[in-house]
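Below, chain A partners chain B and then partners chain C, in two separate complexes.
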Partner chain A sequence: MSNQLGRPIAEVIEANIETFKAQCYELYKPPPLGSLVKAGNMPVYGIVTDIITEGLDPSRPIVARGFSATTEEEIYTQNPQLMELLCTKFRAIAVGYSHDNLLIQGYPYEPPKIHAFVHECLPNELSDLSSSSDFIHLLLQHPEVKDEILTATLISISRQITDREKFLVRAGKTLAIELTGQMSRLNAILRKLKQ
Partner chain B sequence: MPNQSDQTQHETIGRVVDGSLTRGMEIKLESSISIEDINNGTYVVIQGKHNRFVAMVTDLTLGTSDQNLKFNLPDMSDPLIREIVKGSLTYNSLSVRPGKVLPAVRGDHSDTTEARTIPEFFSPVFRASQNDMESIFGKEDENNFFIGHPLDMDTKICVDPRQLIKRSCGVFGRSGTGKTFLARLLMIGVLQHTEAVSLIFDMHNEYGESGQDNDRGGAVSGLKTLFPGQVSIFTLDENSSKLRKARYDEVVRIGYSDIEPEDIESLTQTLNLSDVAASIPFTLKTTLGDNWFKQLVETDGQEALNKLASEVQVQPQAMRALRNRLLRLTRFDFLDENPQYNSLNRLLDKLKDGMHVVLEFGRHGNDLTAYILVANLLTRRLHNKYRELTEESDAERGTGPKPLVICIEEAHRFLAPGIASQTIFGQIAREDRKFNITLMVIDQRPSGIDSEIMSQIATRISCLLNDERDVDAVLSGSPNSRELKSVLSRLNAKQEALFFGDAIPMPILIRTRPYGDNEHYQDLTSPSWKTGGQNTDSDKDSRRDLDALFGNS
Partner chain C sequence: MSLDLNKAIKKIEEITYLHRKEFEDREARIRLSVKHMGESTGEEIAGKLRSVSNRPFLWAGATEGLGQVYEPGPLPKAFSVASTDGSHIDVDRHMPIPCALINIGGCVIRYNLQTKSEFFNEPEVYHGEGLYLKGDTNTVDEVYIEGSTLGMLRTVGEIEYLSNILTEYQDNSPILGLMDGSLILWQVSGPGVPQLVKRRVIDQTFIPAMDKLKNLSKTRALGIASYISMPRSTDVVNTLRLYLCQSADEKCSGLCSIRKSLSSPCNLVNNIVDRDIFAALLKEGQRSAIFSSTSVIMEDYGNHRICFFYVNNGWEIGRVEVPQWIACNPDLLSLTHTLVLDQCRKGIGYPVAVSEAHEQAVLTGSDRRAFQDMILAQINNGVSSNNTSQKDRSKRLPWL
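Here is the complex of A and B:
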């Protein structure tokens, strides 16, 4: 696994074994839904399952400002302070951790530290993840993961690796086995995957 | 290391997922293997922890892990979804029946043994390789006769003809499925690989000079043509032989005095005799001696007949009826009041010389009466002679006369339930080579054969049969009849046969070796083992396997 790291994109602000939440350094620049990120020096890998943009200060409610603007962009140019008052955060579900430079699928033994840097993952890490289907089991078990998020994840991974077809077939087979007895749910997921 | 061509044989096609020794094993197929590439009746090898099991596929099943699948079909038009569903929601499985355990080391020529245990859960399954097949069925050599190929391989399946004729054997199948072609091949096997001699009752003139090839039209060579020095043709119908321009060595003549009461008894059904009428010859013979037949048919006129009847104390009416029917026999030109020579002795001499005798019926083959009469008459006499010879040699602790195989078509005519207890053929089958005689029965209606006789037919080769009763009859007494039935009822209509029983280590489905052109004849008359055949590929393979195991210098 390559250790080359680019610039971090976010910083962990909340963490437990199953999930971590990170604040992005740039407003509206989160990693895409379903993408793989890693947090910390001994990285914990997570799949982005939710993206939130909100005010930094919960005591200052956000108010509408567009009454005199003609475009959305205008609102931001007319109120440059907004860039400081708002922030984008995302939540990731832990699907693996690094051990001896290998990506091990499963919950980490420790959550990432608060303020740990979050990086987007490199293609080789994605293909490590895609080589086994254990993470699908983890995602399916997690109460916060909707089927839509799961399909987004699978499609996102499939677009970034070389053997898309093979990955989707294996993922689909895992789902078919995990979802035995839930034919209509499985069918809905499969319909999405084939697109 | 296995070579390239062997590679496909080393691909795991499935794994054991269920089973029992009595029911056989269930194999889940790998999703990469299409079920349509597996044929019922093919052979697979299961690699257990300590044993390599050879098994025959006896059923194929489609399974699904979700009973709702059929109500909620995924979009199967999409290749991705098709691929996903395969092996996860749906799977294919094989039922197989382990029969033999192969030697642990490939290429080790020690014997295979009977499977008395079963492979572990998830043991991988492979297609049987040429080597595997050879370990079980042997290689074409001085002991083994090549009889056909397995369904989906070019490997040669061999049978040891000495085993085949140790006890009686049978070739079955409905009309036109290749029984005669098979029997002819088997007889060549007997001729080439055993000490035995044979007598073939050739009802339709197909074994001697030439036979008919219905599919391609024209003729195929007979045994005499291929092995002139070892085969002798006796004909019952000289004219027909001449018309067919067929060689013959002897013309059979049967004297009136050769006809015995038992011969008439075996014609009860064919001549439509009453039981009373059929028993009269026995009475006649006791009073009149060997001349009874001549005297009966030559006694003419009501009065003379009544006189004879009262002399021997039988019902005159029944005797008249009998005489009327027997007069039909006198029209056979092979029956002769006073033959100039004794055909039976000539036949015996040929057999003694190690010749195989084909008895052609000519046009008489169309007459069941002639066929049954002659076959019974000659066989009874041969049997008597063989009994004498065996007893003589037993007294001197000899080996007895050369084993004799008698080949009869339309066997149910001799072995039907009502008559099998009386006919000489029934007796031979039951005696089980006591006097060095065994039968090769050929029949299209095995259900017409007495079940006790059937149980004496130790090796059975069956082509396609349509009637369920025939299928059941052929499989009766076989340990895996249920599984074999699924195989047998799906044979191709031609040139395919299920081979099972004493002479063959495991039941096997074969495509019968082709017969009919010069190349085939060449292979038969000078087989590779005789011509000092070159190393076969499988030889090299097994050596390579051994090298891989032990390293070569």
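Here is the complex of A and C:
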């Protein structure tokens, strides 16, 4: 597994064993929903399950400003301070961690540190994750993960690895086992994966 | 029910009738005041102001007709607005270490420029010998920095900080330095303010900061102003009062108070403030004529005497104060008018940059507690002896 790092895209601001929340360095530039990210020097791997943009100061309500603007861009041109006072954050559910330079699927023994840098994962890390379906079990067990997010995750991974077909077949089989007795739910997910 | 509504309703009807009548009368007087302002000329006003010396109220200096109005100039394509504001924690005598804190916050908001907007704050802690203002030569002469003295240092610190920001500003586009409140530091001229405080605030801080800004304005498009929301001042109303007055100084002193006049025609403006007449005079975006402050503190301001105008920003009438070197420069004055107005429009009635500077400066209850807790934590680590008062302890731990 390569440890090659690019520029960090975010920084951890909240973390526990199951999830971590990170603040992006650039407004409206989060990793895509369902993508794999890693946090910290001894990386904790997580799947992006939610993206939020809000004010930096929670006590300041955000008000509509476009009453005289003709485009959305104009609102930001007229109010450049917004670029510095708003921030984009995302939540990731932990699906693995690094041990002896290997990606182990499962919850980490400790969460990433606050202020840990968050990077987008490299193709070889996605391949490591896709080599096993344990993360699907983790995601299905998490109450915050909706089926749409699971689907987005599987599609996202399949688009970035070489053996796409093999990965999706294995994922489908895992889902069939995990969702025994939930035929309509399973079919809905599989229909999405076929698209 | 113990309230007899039949009796109360008669009184309520009487009160509301009087209120309506008073409102209609006041509206009529405002309209007439505006008419008189429109008829006044600069020569008449200047002549009248020269002929009076002692009245029981403060009036605004003016060299143009009181009813003069001006449109804003074109908005520059790219520009910046810088602002500063301050907040402080006063000395708490129940704390084991006497100390005070001034937090100056600020921002530079850049419009249509490549560089990002910036936000910053700078806390300064005063303790030990630093809590005393001292004379340059006479070491016995000193003033403890707390209460109103701390407040004055904070206000003038905001101006000093703004001058530093503007000096370091690199871009060539126009920039406005905008503050909250008044540039007229009238508190400094109040009774009981020691000379030492006055010297530190005016001579050693305000004047050098303004000198720096004045020099900057010679080399670049720079506006400097402070904005007062919902002003209660009556300087211009009092100038109109003088314009209408036909009595000599001595007679006026017997018939007029600061607030109102007992004789006609000066009583036309009783209970009217400047913003009332400018709300009737100015259309959205327009500014008034330039007026000058005649506050006694102006004698110490040297080349930086304060002038002001009123502006209708579409939501309210605001008072904008500028140093006289801005007021005397038509380009910088127009730039200031235009950018202040634009700031109010962008901020839905109040300048955006001033709001943001406030957000950087403001000290919340939790900030104040954190400051005290940090001091106490350091003491408990053995840095100093813990002699918090029992009163402070009882406030922190109101045990049952």
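Operating definition for what follows: the second predicted complex is superposed on the first by the 195 of 195 C-alpha atoms of A that agree within 3 Å, B and C clash if a C-alpha of one lies under 4 Å from a C-alpha of the other, contacts with A are read in each partner's own complex, and residues count from 1 in each chain.
Heads up, the rule we're going with is that a residue touches a chain if its C-beta (ideal position, glycine included) is under 8 Å from a C-beta of that chain, and two chains touch if they have at least 3 such contacts.
Computed from a predicted structure; not experimentally measured.
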#### Entry: Superposed partners chain B and chain C on chain A - clash or fit
fit
### Query
Is A:Leu102 touching the first partner chain B, the second partner chain C, both, or neither of them?
neither
### Message
Applying the document's definition of touching, compare chain B and chain C: which contacts more of chain A?
### Response
B
### Task
Go through the superposed model and pick first if A:Gly172 touches only chain B, second if only chain C, both, or neither.
first
### Query
Between chain B (first) and chain C (second), which does A:Asn187 come into contact with in this model arrangement: first, second, both, or neither?
first
### Message
A:Pro80 in the overlay: touching chain B, chain C, both, or neither? Say first, second, both or neither.
### Response
second
#### Entry: Following superposition on chain A: angle at chain A, chain B versus chain C, Cα, nearest 10°
170
### Task
State whether A:Asp57 touches chain B only (first), chain C only (second), both chains, or neither.
second
### Task
Once the two structures sit on chain A together, report how near the CA atoms of chain B get to those of chain C, whole Å.
50
### Summary
chain A residues where the chain B and chain C footprints coincide none
### Query
What part of chain C is in contact with chain A in the complex they form?
107, 109-112, 116-119, 346, 348, 352, 356, 359
### Task
Note which residues of chain A are touching chain C in the complex, please.
57, 60, 63, 65, 77-81, 83-85
### Message
Could you list, by residue number, the parts of chain A that touch chain B in their complex?
### Response
165, 168-169, 172-177, 180-181, 183-184, 186-187, 190-191, 193-194
#### Entry: Residues of chain B that touch chain A when the two form their complex
65-66, 68-69, 71-72, 74-75, 78, 80-81, 83-85, 87-89
